[in-house]
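Below is one structure, written out as structure tokens, with a few remarks after it.
By written order: A, B, C and D. Residues from 1 in each chain.
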Amino acid sequence: MTGSVDITQFFGVWVSAILTLCIFSFLYKDNPLYKFAEHLFVGISAGYWFCFYFHNHIKPKLFGSLAKIPEDAYYIVYIIPLGLGIMMLLRLVPKLSWMSRWPISFIVGTFAGLNLINYLQSNVLDQIKPTISPVTGFNVDSISNLILAIGVLTGIIYFFFSAEHKGTIGIAAKIGIWFLMVAFGASFGYTVMARISLLIGRMQFLIFDWILYSKNLLSF
Amino acid sequence: MKREIPIIITFVTGILMIIDFFVPHPPFGGLSSLFEIFFTIIFSFATILGILALSKINIEKIYRKRETYGYNIVLLVGLVTMIFCGLVWGIGEKSPFDFLYMNFMMPMQSTMFSLLAFFVASASYRAFRARTPEATLLLIAAFFVMLGRVPLGYQMTKWVPEVFPSWLHFLQLPIIANWIMDFPNTAGQRAIMIGAALGIASTSLRLVLGIESAHIGKE
Amino acid sequence: MDMTKKVLVVFLSIVTLFLGNSAICQDAEIIPVVDETALQDSNLIEEIPLLPQPPGNIYVTDSPNDGGKSLTIKWEKSPDDGDGLNSVVEYEILRAEDMKGPFESIGSTTAGKHEFIDSTCNRKNTYYFKVVAKTPEKFKAESGISEGISPVAQWFDRTRLSMLIAVIIVVSSIGFFLFRAKKEELYIRKIAGLEAIDEAVGRATEMGRSILYIPGIMDMDDIQTIAGIAILGSIAKKTAQYETGLNVPVSRSVVMTACQEIVKESYTNVGHADAYYPEMVRYLTDDQFGFAAGVDGILLREKPAACFYLGKFYAESLILAETGFSIQAIQIAGTAESSQLPFFVTACDYTLIGEELFAASAYLSQDPKMLGSLKGQDIAKAIIIFFITFGIILESFGIHWLSNWL
Amino acid sequence: MSLIEKLKNIDRRIIFLIIGLSVIIPLIVPLNLPISVSPPVQATYDYVESIPEGSTILMAFDYDPGTMPELYPMSIAFMRHCFRKNHKIIAVSIWPFGAPLARDAFNQVGEGEYGKVYGIDFVNLGFVPGDVVAIKALARSFREISPKDVDNKPIESFPIMQGIDNFDNIDFVFELSAGFPGIPEWVMIVYGRHKKPMASGCTAVSYPQYSPYYQSGQLKGLLGGLKAAAEYEVLIGMPEKAVSGMDAQSIAHAVIVFFVIVGNVFYFIDSRKRKKI
């Protein structure tokens, strides 16, 4: 290890470690350290995303496109988002605040149309196709396919709103909810892993990047 | 007029997006990409509203000297510093903005995220109890997958023969776990996906037709 | 001449030829290639077995089902691709807007392929193409020039026919009941999570505590957020009537605006416009975990008696629900995000699963048109069930046309 | 309150403490438990093995430091495999903080371990804003949406980009996804529109949600979480961070399983007692 200590790095590691511990303190109970970290976090992150949107959306997409109008008249369409964006800001003027409904309607309409199509494609058609698998006899593949199909069908029946869950439909809906429960249990079980991984990552930071790093620096 | 025009806008844009999907011919084709860009611009503008509202609440608290107003000052300092750095020096790598992100925001993000390890443990201790048949299924599935996904589970059942008879091989925990993930779990997920898509289609249709217009304050 | 010398001579002649040629072409307008005719003239072709033969029969068509930006270039593989000398490793595609050039490279593809899609065309222009076969040693052989062609835009994307049929089926079944259904004819099953809303609001009122409502963490481009906002409308009416506190932290500014609109409207509708103030809906931050940290703070300090999480959630779902549990709030959640449902199901008192979230606003409003749309969804589900069952039967008997068509 | 009652309603902070310790201790004192490989991971590995040497792979770094513990070891393992097979890698991120993560991975593996050269064997196109729109635009033309690489050099100048401009020129796509926009969006465009083979790495939590894409063949392979990263490390024969973290993972896991069992035992005893009364 060289004699020169990177002050920025040293400072950064210590700040990170202290803030990490402040957030962890929440597990014990609400306390001034957590309150401090929480407020700092909300402030910094709100500022972060504001700048992020400015540099990645407003600047290149809006200003960049408007600047191209002299070369290519097509870019005049970017007047639309500029206008709608300004209407959004008119909320600050109480008398004109109703104008913010226009941009909101634009957003809602656009994504209602888009989602209608996209979800029917990816969540319905693309899911029906792999569910249609052959059941040809008494073997692992066929039985698994059959279970998959039964699960999908009864699961869909569970979501029936206009039929009372009684009789055949009642039984099917019951089996459906069982499949949903198995799915939830499985997802949960799978998640446990990931969550522990995150804690491992954080602990690796505290143990190796902070304590050992500082120890090495001090012992030098 | 304050209500009709927004409903007309929703209708027209919604229909245009559906046409865009099927008609590649200009001016329809590519309209969705363009509108998605418009959306990012509009919500970026709207962020100013959010920032102002956030500042307003906190400034008021400081002004009224609520007992914990020190924390509101912390929040505002964080906000202003970040915006100042971001607008003056940009947000590129090695900028002050990046330094603040990497050493202040990022560790808090990951720590907040890692709290989930603790919450997952307490939730499973409390909630995974065989109270009802449904809860029992949830418990069993979770149990197998939890064990099957770690080396420990593999250790527990690796003595089960791999070759003959083949169905016995199935009793190995990782294989059971994978099977649960691939079949019953996929089935459940798929049912939710299909149902959700129909819910989305129906809601979208109601929005486009102006029957539901919660977004503009009308119920 | 012994073998080694022979090889050496061939090698040297290749090197000089290659160096010379590229040197000449540095100033030329056309991309450097080994001109085959020139080689034949100088009888070098016999001496240089490494030179590939050019691809043949270049043939350009309009790419179907697009907006007129794309052309499909096909060619016959060079005889030295995979066969013959087996020296071709790559084809480069050159394009010009005039038969005389200049030809510019627009992309390449590995050997063995004989098709390239150029998706950077403009309908107003006519294009000419050449395909160049290349060897690892950078030897090139050029095909002839294709006939001029302009891309054409299509009015219907035929690959999306099955999707069009699906959209027509779903939209017409929902649409039919949306307009035809009468309230008295409609039965809608009970949804426990929604029945519990009154209980939750009542409890908060009794305890004199507030209600926390989060319409997810995503923006208005997600229908789940809109569903969450619609439910907020019904809940705000109740809190207005009972004069219970309402606290709506949001993580998107557009959502803040929309939530303010609907809360204000609800308060006005039940005659409590004076009780509404915009800060009921407060923006915290766009950041997922910054938002979670902020909401945790609100939960611990304001101790709401009831928490609603209805919309799109990601990993913060369990952070919120477990903190809510620790303050003994009654919790009602709902999302279509299947990876987060398990956490809500385990940590909350009631959970709306997937489609139930979207049905909620119809259910709460009891508006006949809205309820009719739920009936329409059921018809669509019945059709899907039929399709899957029918498909599995066909498939089991070895008939594949349905799955192929999908 | 009886002992059973007390244990049933145990202060959750005690659970927190036990979990914390069960992660920290194995990190300091490793155990080296063996690891089995699951089919979706094997399938990913096999696919990378099967494509001809020198193919061009598009690697999308769509995650941020928040999910690094899971996805970064995965990126490293996959990258090692690719470079060992002499594949070329084009990295791109539609998540803002993916680009520096890609740079770190290239520095460590590409230049550090395999001596690969920037611009020839790999390139980092950096962050492309616009979510789904960005993917669509990349599919159409790299040069159009991202004319400069992460260091603002024109991508034209790199040999690796010669003749490569859109998804039609790519042999394989590997998407590392921590959420939206992620796997569904990429699948929609890469598989749906361009019919190109694609595999993915995701966090363990989203694995169940995306496994239908693997089941239906839209994904050639799928890596879920740290476990899959550890499996991949084993497959390429280079056990590292993911494998070492697996010990802590296993112990913490066992502790949680133990909690679930204990919780149920107490619940069972308690409910029997109540029946007797």
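Everything below uses one rule, namely that contacts are C-beta pairs under 8 Å (C-beta built on N, C-alpha and C of every residue); 3 or more make two chains touch, one makes a residue touch a chain.
Computed from a predicted structure; not experimentally measured.
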Ranking A-C and B-C by C-beta pairs in contact puts on top B-C
Would you kindly say which chain has the C-alpha centre located farthest from the C-alpha centre of chain C? D
Using mean CA coordinates as chain centres, what's the gap between chain B and chain D in Å? 17
Expressed in whole Å, how far the mean CA point of chain C lies from that of chain D is 20
Residue numbers of chain D (touch at least two other chains): 12, 16, 19-20, 23, 66-69, 129-130, 204-205, 207-209, 212, 215, 227, 249, 252-253, 256
Multi-chain contacts in chain A: which residues touch at least two other chains? 23, 26-27, 35, 37-39, 41-46, 48-49, 52, 57, 61, 88, 91, 101, 103-104, 107-108, 110-112, 115-117, 120-122, 124, 127-129, 131, 149, 152, 156, 159, 180, 183-188, 190-193, 195-196, 198-199, 201-202
Sites on chain B at which at least two other chains make contact: 18, 21, 36-37, 39-40, 42-43, 46-51, 54, 102, 105-106, 108-110, 112-113, 115-120, 122, 124, 126, 128, 138-139, 142-143, 146, 149-150, 181-182, 185-186, 189-190, 192-196, 198, 200-201, 203-205, 207, 215-217
If every chain is a node and each touching pair gets an edge, what shape is that graph: line, ring, star, complete or other? complete
Residues on chain C engaged by chain A in the complex (per definition of touch): 162-163, 166-167, 170-171, 186-189, 219-223, 226, 254, 257-258, 261, 283-287, 289-291, 293-294, 296-297, 300-301, 338-339, 341-343, 345-346, 353-356, 359, 374-375, 377-378, 381, 384-385, 387-389, 391-392, 394-396, 398, 402-403, 406
Residue positions on chain B within touch of chain D in the complex are 33, 36-37, 40, 93, 102, 106, 109-110, 113, 117-118, 120-122, 124-126, 128-131, 139, 142-143, 146-147, 149-152, 154-155, 158, 174, 178, 181-182, 185-186, 189-190, 193
What part of chain D is in contact with chain B in the complex they form? 10, 12, 15-16, 18-20, 23, 33-36, 38-39, 64-69, 100, 129-133, 136-137, 204, 207-209, 211-212, 215, 227, 246, 249-250, 252-257, 259-260, 262-264, 267-268
Could you please specify the touching residues of chain D with respect to chain C in the complex? 12, 52, 55, 66, 140-141, 144, 162-166, 168-169, 171, 179-180, 205-206, 208-209
In the complex, go through chain A and note every residue touching chain C. 23, 26, 30, 34-35, 37-39, 41-46, 48-49, 88, 91, 100-101, 103-104, 107-108, 110-112, 115-117, 120-121, 124-125, 128-129, 131-136, 145, 149, 152-153, 156-157, 159-165, 180, 183-185, 187-188, 191
